[in-house]
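This structure is in structure tokens; I'll ask about it shortly.
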Amino acid sequence: MTVVMEVSVVPLGTGSASVSHYVAQCVQVLEDAGIPYQLTAMGTILEGELEELLSLARRMHAVPFSAGAVRVVTTIKIDERRDKELTIAGKIRAVEEKLGR
Amino acid sequence: MTVVMEVSVVPLGTGSASVSHYVAQCVQVLEDAGIPYQLTAMGTILEGELEELLSLARRMHAVPFSAGAVRVVTTIKIDERRDKELTIAGKIRAVEEKLGR
Amino acid sequence: MTVVMEVSVVPLGTGSASVSHYVAQCVQVLEDAGIPYQLTAMGTILEGELEELLSLARRMHAVPFSAGAVRVVTTIKIDERRDKELTIAGKIRAVEEKLGR
Amino acid sequence: MTVVMEVSVVPLGTGSASVSHYVAQCVQVLEDAGIPYQLTAMGTILEGELEELLSLARRMHAVPFSAGAVRVVTTIKIDERRDKELTIAGKIRAVEEKLGR
């Protein structure tokens, strides 16, 4: 079954308050992997098999180190259901239906 | 200055694995307040003055209790910059520009 | 009823990977307020009335700005039950009892 | 280098607002693995090599499913420094020293 995962990668002590170039390199990891994802203002949401997503999250966590950061705090949030398939679009649609959209 | 905030409201012990109807009622709080927000598959992202957003997050946290839940875990993530204005669209655009979109 | 809340305050772009002096100033806010709290390796856990804790979390979020940071990401996690009182010690004891301790 | 990780496992729709027995089984996974950990009121904090901790977090995430839950939301927060070793005790001591304890 697919799971939905949110990943947020935050480098510390980089001397600049901007982190968008690190985030762009993290998103590139997902582009190269070719999995469905949603870039949001507070993280990136992935959809796929849990093992694959954990491995991608692990690589996203490493991105700022290769760009010179010495400390990274990464938050990974997994949503998994075993009674039905979870997808990014399905989770949003379930809420929007209840809002009458 | 505006801040960007992510809110995720999770009721526990409701007897159903589905939470979309609670999330829809949380989103209705934001619709009624008329502030910019982005519904994602892992939470809802708000934009505005910190005090207003904290008060809206507080009301979103209370929604499942009015719908019968007895336990709620709510995660509020605040991103605030004092050197420039943060917006939902601006944060996404900053990343997309670096991806050459 | 009391709630239990975890607060994690992370300043970005400070030029140093160390954040312990910011965290210490955040903990001082709680010391001065005289509420029960547990300092952990990944955040600080508070116990009290929700309104009071949100107000303290708000002041903790502001600490790094007064110490010169220009960007702060603060995560606030609220655990509230309406069927029984939640305390820091009670939540830990409930798990330890099941571990036979 | 060791990293410090916080794991919080939340089963949804179990029909009971109490989750301590799931948390106790998650902690047992760490007991059996013999790694340093700190049980807190809002999660469990682990210390060790990132690969080992991700694998343990993966097993903790699976615990509620084996106990009958059909949906689980797990939050994993990684703190890694490449300029010095991070430990649970070291991170707490760094803050307490600044508080003059």
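Chains here go by letter, A, B, C and D, matching the order in which they are written, and residues are numbered from 1 within each.
FYI, a contact is a pair of C-beta atoms (placed from the backbone, for glycine too) under 8 Å apart; a residue touches a chain by one contact, two chains touch by 3 or more.
Keep in mind it's a predicted model, so treat the numbers as computed, not measured.
Peer 1: When contacts are scored as defined above, which chain pair ends up with more C-beta pairs, C-D or A-C?
Peer 2: C-D
Peer 1: Could you put a whole-Å number on the gap between the CA centroids of chain A and chain C?
Peer 2: Chain centres of chain A and chain C, defined by C-alpha means, are spaced 25 Å apart.
Peer 1: Could you grab the centroid distance between chain B and chain C? Build each centroid from C-alpha atoms only and quote it in angstrom.
Peer 2: From the centre of chain B to the centre of chain C is 20 Å.
Peer 1: So the centre of each chain is just the mean of its C-alpha atoms; given that, what is the distance between chain C and chain D in Å?
Peer 2: 17
Peer 1: Could you say which residues in chain A touch two or more other chains, in rising order?
Peer 2: Residues 17-18, 70-71, 73, 75, 77, 79, 81, 83 of chain A each touch two or more of the other chains.
Peer 1: Specify the contact topology among the chains shown, as one of line, ring, star, complete or other.
Peer 2: Graph shape here is complete: every pair of chains touches.
Peer 1: Which stretch or stretches of chain C touch chain B in the complex?
Peer 2: Counting only chain C, the residues touching chain B are 50, 54, 58, 61, 65, 70-83.
Peer 1: Quick one: which bits of chain C touch chain D in the complex? Just the residue numbers, please.
Peer 2: Residues in contact with chain D: 4, 6, 8, 17-18, 20-21, 23-24, 27-28, 31, 38-43, 45, 47, 77, 79, 81, 83, 87-89, 91-92, 94-99.
Peer 1: Note which residues of chain A are touching chain C in the complex, please.
Peer 2: So the residues of chain A in touch with chain C come to 10-19, 70-71, 73, 75.
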